[in-house]
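We just call them A, B, C, D, E, F and G in the order they show up, numbering each chain from 1.
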Amino acid sequence: MIAGQDFLAFAEQAALAILSLSFLLTVLRVVIGPSLPDRILGLDMLVTIAIGFIVVIGIRTGYTLYLDIAIALGLVGFLATVAFARFVMSRRYEEEFISDEARGQFVEKSDD
Amino acid sequence: MTLYLINILLALIWAAITGSFTFANIVFGFLLGALALYLIREQVGSLGYFRRGFKLIALAALFLYELVLSAWRVAVLVLSPRMDLKPGIFAFPLKADRDFEITLLANLITLTPGTLSVDVSEDRKFLYIHAIDCSDPDALRRDIAQGFERRIMEAFR
Amino acid sequence: MIELLQNLLVGSLMLVGSFFTFAAAIGLLRLPDLYSRMHAASKAGMLGAGVLLLALALFAQDHSTVTRALAAIIFLLLTAPISAHLLAKAAYAAGYRLWEGSVHDDMAEAPNGKKQPKPRSS
Amino acid sequence: METILAATVAVFFAVSIYLMLSKHIIRILLGVAIFSNAVNLTIFTAGRVVREVPPIIPEGLDTPDRITANPLPQALILTAIVISFSIFAFLLVLAFRAYQELGTDDTDGMRVAEPEGEALPPLGY
Amino acid sequence: MAADGQWLTFLVLILPFLGAAAAPFLTRVFGHNAAWVLALFPAFIFYHFTSFLGAVAEGETVAGGYAWIESLDVDFSWYLDGLSLTFALLISGIGTLIVLYSGGYLKGHPHLGRFFSFILMFMGSMQGLVVADSFLMLFVFWELTSITSFLLIGFDHSREASRRAALQALVVTGLGGLSLLAGLLVIANITGAASLSALLSEGEVLRAAPLYMAALLLVLGGAFTKSAQFPFHFWLPNAMEAPTPVSAYLHSATMVKAGVYLVMRLNPVMGETPAWETILPVFGGTTLIIGTLLALRQTDLKLMLAYTTVASLGLLVMLTGFGSEVAVEAAVLYLVAHSMFKGALFMVAGAIDHETGTRDITKVGGIGSAMPVTFIAAVLAALSMGGLGPFFGFLAKEEIYAGLGFASGWSILLTLTAVLGNALMFAIGFAVALKPFTGARVKMPKAPHEGPVLLWLGPLVLAVDGLLAALFSDLSHRFVSSPMASAVAGEPLSVSISVVPHIGLPLLLSALTIALGIACYLTLERGRAAMAATLTAIGWGPDRGFDQAVRGTVRLSAFVTGIVQGGRLDVYMTATFIALAAALFVPMVAFGELPTMPALPSLPFYELAVLAIGFIGLAAVLHARDRLTAIVSLGIQGFAVALIFMLLGAPDLSFTQFMVETLSVVILALVMTRLRLSPADHRPTGQKMLDISIAALCGAGLGLILLRVTQVPFDDTLSVFFAENARVIAHGRNIVNVIIVDFRGLDTLGEIAVVMIAGLAILALVRIRPGVAPLKAEKQPARAVEKVEA
Amino acid sequence: MHTLIFRTIAPYLASLMVLFSIFVLLRGHNEPGGGFIGGLIAASAFAIYGIACGVAPVRRALYFHPMAISGFGLLVSALSGGVSLFMDMPFLTGQWTEIDVLGLPVDISTVLFFDIGVYFVVVGSITSIALALEEREHA
Amino acid sequence: MAIEPGQAVDLSGAMVLAPATPADWLVVGPVAIPIVTGAILLMVRHETRLHAGLAVAGLLAALLCNIGLLARVLDQGPLVMTMGRWLPPFGISFAADALGASLALVATLVAVVCALFATADIGAVGRRYGFYPFMMLMMAGVGGSFLTGDIFNLYVWFEVFLISSFGLLVLGSQHKQLDGATKYAILNLVGTTLFLTATALLYGTFGTLNMADIARKADGLRENAPLTTLAVLYLLAFGMKAAAFPVNFWLPASYHTPRIVTAALFGGVLTKVGVYALLRTLVMLFPPELELLSGLIAWVAAATMVIGIMGALAQTDLRRVLGFVVISGVGVMLAGLALGTSEGLAGTVFYAFHSMIVMTALYLLAGVMNGLGGSYSLSKLSGLYASNPLVAAFALLLMLAAAGLPPASGLWPKVMLVRASLDSGQPWLAFAILATGFLTTLALGRVFILTIWRPRVVAGPETPASPYLGYVALAVLSLPVVVMGLYPDPVISVAERAASAILDAPAYIGTVFPEGAAQ
């Protein structure tokens, strides 16, 4: 029993540590970009990690009620991605958006 | 479809009779109802309902297998010191032509690590798939056609 | 005994789940272009979260938590491919080219792969 | 914990105010969004902090069986979040429309209501 | 407080206002002959006030009134002694004549009814002013005279000069009114008296108070502006833009005399101090000389009279402030005489203007034969003005010289001033009364003939009055001069001067005055030319100064407003946050409200990670070079906040924060689709440094005060109560939700109102587009589809 | 948006989210959730539906104009607070009663209706905002 | 259900057991009725013909409620209702005292007139996009602000009227409106957010939100808590709402941009809520801190009134003139706060009544003048006397009122404030008030002669708008202006009651917590 709980406690700490690290790495991707879709992808990933984080916290504290938040994130979290995707697609037709230099590994230009 | 509804109705009746509307009890009632329907299979017409059920389960099993397997592959790939990547986008000729089937197929492909549905051609004849290892697109096409696509068509036709 | 088993299983799943998540995060950083990164993020990440949810389902004592955890997994499975698809499609449509090391691009030749900039949709 | 949160609040306020001091409406809006987060954290901290115990009474009990997080600030913040979200959405659309109609996102250029170099009123009688 | 029958006095006091209300209707019915009906109002008032003459002559005072504003200790009350009763009689008596004269003068004017209305309102205001007992009632009627005179002076509003003069009168006398109010309140503050009658016994206290000087200057500010004392004299001649009946009324017996009334009224309580006896004669004497010299310059009959009015007012103030009993008597006599002759002369000037079409003294001549009655009235009034016997003006002038005397250098100076002033007024009075009527007939815009009775009745009556009052001086002294002088002096006085001249210094001075006057009359043209040259040389006067002051005020205002309200949002924000920083640090430091140094807490690593994510998000927002990066970064800090909430036991908050952050990002992205905004920060370095300092100060201040607050022991009574009752009474296990929907449901009601209105406002913003024609109505399924609106 | 995959799945996702939102609404009194969060989830559902399939189907699906729904919600909340007028109790006093649904005891309370009102307001307003913005996009 | 069948729960420790009579609901009506009306209006958004009638009816009902409430408060003292029957301070208390009830009444009166005026001024598009719902909810927010006894709830009502004012401000989407609204919205948002921040800190200090509870705990905490800083924060936050110098930028930037009826409502009502909140918090909750700050507030007051009226002098647009006149009036009201004496506060309250009515009337008058003369610009608008003498009469009366001259209502509060300043030994404040009155006379006198008396300088509109509805509105508002000018006694006594209501915190505490219920 004790061993099981110890293991569980260890697993919780380890999972939190790994997730925290993943968080930071993902945030790093968001910050460095370089393109808008990369950032969006990072944000999407952040939501996924947040779900995992919530779950681990829920197991650690025994408050499973945090699960509802995870469910909602699962359902709604992709909304931001949808909106951005929609944005990126609608920008397609605006010439200034696709500049020649960005054709390859395109980086969204600063707008001015 | 009618049979689904009848089955759900049976589950609800079961819950009402037993006086417990818990989720588990309703699921239990659903299974009991399915059993009851199976008993009268000749009157209700066909076994398609149940066969389809099994095909669905098979599809799910395949999916889970592929999911875990390829997730592992991706994990190994990204954690390996030297990543040997040959990514690319290939066109997959669709046999399925119903929106629902195409969507399901595309999603399953996306969920399976290593492949990613980028778009459906406007004539709905091709599915464009990005693969992290696109060194042999034909093999990939074959895998999908034999795998997910066939099982989907089986489950829903 | 059951509790020990449960603890071990839950703990293991947590480790597995966070491992997948971590792998996804690494992939997100290391892979060369958006499309490749999406393989890591949309799947390894999703799988990581899914496994963690499974751990919670096993850990929980009450049915409602179990069913909700399973529902959460299903919701994830439903939405993750959609966002991945949309992002990929949008990025491609917006002109985000594949990594130069890519070996194949059927879409570039496809009629809808070369959409030219056209006037604002009405 | 309160100390750390107070420091966090300070950083949030400083960043949001710096953004709001800009002339670019979009930066101001970003600042406004962060501003409301800062205030919410202020309310939260002011009500003192307890780790991880949500103010929810376990099933079967009439009162919580241990010290929970303070529920009142949470309720206040909920109200505040909703309000600030509504107003943020309004501001956003307002800025968008102002940009469309006035053709600028620079507040220096938003001089329709208070034009520069206005003539004096008649000085006669 | 009042005797029976006081309702009649009350009625009399509001009667002019009733008349004003009736005037437009009466005029519509009777035309200009409504004057006969409307004159009954002042006539009745006059009649009513004569009934007090007996008692007042016996040295009694008649007081009465009603409580008006109890909470401010203001009564609608009157106090009739010799001073106020005389004024009341002059106002109503001359008012009667003016109403009649107006009917003739403005016959056929489209707005005659309005005019009657205004002049009756003015009369009522003046009436109230002179009989008022309580300070605030005095002030109210004082201001009402300013307002009604504004309407009268601007009556001919289509001319810019009229509008200017009206505004000038309003502004100058309004300014004085406020000064008066302040003065009265200071006096009330010193003495505790709220009324004139109560004040009369408080003179000692008032004069000894440290604030006496302030009160005096404030009160005199009111009196001097109203009575056109130098340097505020300029508004009065400009007010000649008003129709002549107004000039005749305002400048003979009423408006301008209000200041004199006030000075006379306060003489017993504020007088006999060095300040009083210096300021009043100096300003009065200066005004006298300047008024007469300026009158000399004029060729317009009304302006000539107007400047002599200025001069006369100066003389009155000088006399009142001189400090001798005889001077007071002189002031009283001169005031009464002036009211009659000046009223008459103004009306004469109006009649000339009305009949000839001009009132330029150089352009009228020889109309005496055409207008004999007017001529007679003019000459009679001029005789009184010139101080010749047997007219009332003669009595006044004799008394002036007797009052000022030759006792000291000071009194010699003032006497000589009076002589010079009187001589000049003599010349101008006769110029007005003789020059137009005598000599050869010149070409005039209209062929003159005698006006209707309404036009000559008034001047004639007033001029004859001047004669009768002097002939029956016993009666006039008994009922008017003595009681009034007693009231002004604050002790019983008996005026006894009669038309029979007594040989003495005063007569000598009179003779000197007349000699000088005749000399001036004969050299009037040369004097006028000399004055004109002088004024041109000076080139500036308070009148032009007024314009410059108004323009200067407007320009200064525009300058100041341009600084404080420059139209730039970033400046507004900077000022606001500087104010915030000050509001935080000044009291925190000044009142020792800084927090104590806290111990550094230790945090679990994952909490640190979450905080780090938040800070990275903030840094990314700051650093973002394009708006979408900024939005995504904004999402990161929002997520971090949600995670903080989750870690600290706030699932509902975390839930909501996640949802709201997501939706914020969605809405941002939806809006951004069409919007290209430049987020790059172009602030110059100096500006950046300033902004960073302000932001850092505000942030630090808010953090510190928050920390300080958390160091106060916390009272958690409310939360304990909520926890105890959430389930037991309110049937909910989620305490936060129970608070939201039950304990503090009202907050939520307000909150959803905000949400609803925000939705509606956004709809209005998005849909309403100026300048876009409405699309044709779409066939809409049910009511679901919106039409795009113009 | 022009994508078959999204367009196909969006309606199902939307209905699922609406279902979930009702779940969150109803259990809000005992667990995390409530009218506001539920409303936000439902509004997200309509937003997704609208982005995927266009605004017109959403408007048809809602039948009423979203702002009318919002107004209705505010009315419900205000009136549920007013019920206590008839009980001689102050505004917003919760009234609880138990009714029988299919033999099951169900608690009905003004507090619940209050929360439902909150839900409608949020759904209506946020949906209105999202649809108006989305529509503008295609105008 | 938490309570098992048969299990009796003792409610007396948690709830007010005395029944709430329908008469007690008078305190709810001024808020609930507009909310319900607004909600219904939104549900019938497309039936624009119903809007005006419904709105006027709703506001009239609220007005009746307000009248009943004030009558009851004057008769029986403050009326307290704690929502949800929870004992104060656990539930949100509405506590109507003479101050709140009277201000709510006047505000509603003004709103009724504006709603009436709007029937002609606001077309179908404006209605469909929410003019009347905005107005209703704005009045609900204003009423709630005046009546609530809970500081956080006050914040909520502030936000309700703020967002409604946003809606009113942008309705029409003219360029000027969007520009003005942007500044208005951002600056006001900062203001309310500061209010919320201060309230968070207040809660952290006191552990309660009920104002009576705060008032009774303040003395115990004074040694130990940063109350001065809190008071200054409230001064800043509410000073912004009240448009006090130097944080009043939002007002002149925006008040001239919306429809005139909107400006009229704003000019009449909004800043007074800020002034009210200052009175409520500083006088009732932080009296010692107020005393410390009174010198500062006096300077703020003087600067606000003088700079405000200077702004009015500098403007060409009539509406902008009025915006600055509003600010100047705020300065006058702040003078009473600075004095903190009973007479000074009563003067402030009276001035608030006066200013609500007169500023609304002046804006409506400007609207009528624009309808007749075709412009708001002082360099164009002219010649109105010749065509419409009635306009001239209203203009004269209202300008006299604004300048504080008889026979209109502005005189008496100024007299009270000047007297109070002198009594408190602050003659310079009295001087500032009088000088402001003088400059107002100059500013508005100029407006009068230019717009009313001056003959037409440019051609007016071909078809001048019908002024008759405007005349009705102006007549309704002018009546109290004249009555308050000629016989101010009743109003002064109400104002004095209002002042004593906030000065006598123990009495207020006693009504909220009868016989010391709960602790």
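We take it that a contact is a pair of C-beta atoms (placed from the backbone, for glycine too) under 8 Å apart; a residue touches a chain by one contact, two chains touch by 3 or more.
All of these numbers come straight from a predicted model, not from anything done at the bench.
S.K.: By C-alpha centroids, what is the most central chain here?
M.R.: Centre-most chain by C-alpha means: G.
S.K.: Which chain maximises the distance between its CA centroid and that of subunit A?
M.R.: Measuring from the centre of subunit A, the most distant chain centre belongs to E.
S.K.: If every chain is reduced to the average of its C-alpha atoms, which one ends up farthest from subunit F?
M.R.: Farthest from subunit F by mean C-alpha position: E.
S.K.: Give the chain pair, either A-F or B-F, that is connected by more C-beta contacts.
M.R.: By the number of C-beta pairs in contact, the winner is A-F.
S.K.: Centroid of subunit A to centroid of subunit G, CA atoms only: how many Å?
M.R.: One centre to the other, that is 47 Å.
S.K.: How many angstrom lie between the centres of subunit E and subunit G, each centre taken as the mean Cα position?
M.R.: 26
S.K.: Give the residues of subunit B touching no fewer than two other chains, as numbers and ranges.
M.R.: Within subunit B, the residues that touch at least two other chains are 106-107, 117, 119.
S.K.: Two or more other chains in contact with one residue: find those residues in subunit A.
M.R.: 19, 21, 23, 40, 42, 57, 63, 65-66, 68-69, 71-72, 75-77, 79, 82-86, 89-91
S.K.: Which parts of subunit C, given as residue numbers and ranges, touch two or more other chains?
M.R.: Residue numbers touching two or more other chains: 19, 24, 26, 33, 38, 42, 46, 75, 78-80, 82, 85-86, 89, 99, 121.
S.K.: Each pair of chains that touch: what are they?
M.R.: A-C, A-D, A-E, A-F, B-C, B-F, C-F, D-E, D-F, D-G, E-F, E-G, F-G
S.K.: Mind listing the subunit C positions that touch subunit F in their complex?
M.R.: 75, 78-79, 82, 85-86, 89, 121-122
S.K.: In their shared complex, at which residues does subunit D touch subunit A?
M.R.: That would be residues 52-54, 56 of subunit D.
S.K.: Which part of subunit D faces subunit G closely enough to touch in the complex?
M.R.: Listed in rising order, the residues of subunit D that touch subunit G are 20, 25, 28, 32, 35-36, 39, 42-43, 45-48, 62, 72-73, 76, 79-80, 83-84, 86-87, 90-91, 94-95, 97-98, 101-102, 107, 110-114, 118-122, 125.
S.K.: Considering only the defined contacts, which subunit F positions touch subunit B in the complex?
M.R.: Residues in contact with subunit B: 3-5, 7-9, 102-104.
S.K.: Spell out the residues on subunit A that touch subunit C in their complex, using ranges where they run on.
M.R.: Interface residues on the subunit A side: 1, 3-5, 7-8, 10-12, 14-15, 18-19, 21-23, 25-26, 28-29, 35, 37-38, 40-42, 44-45, 48-49, 51-52, 55-56, 58-59, 64, 67-68, 70-71, 74-75, 77-78, 81-82, 84-86, 88-89, 91-95, 97-98, 102-106.
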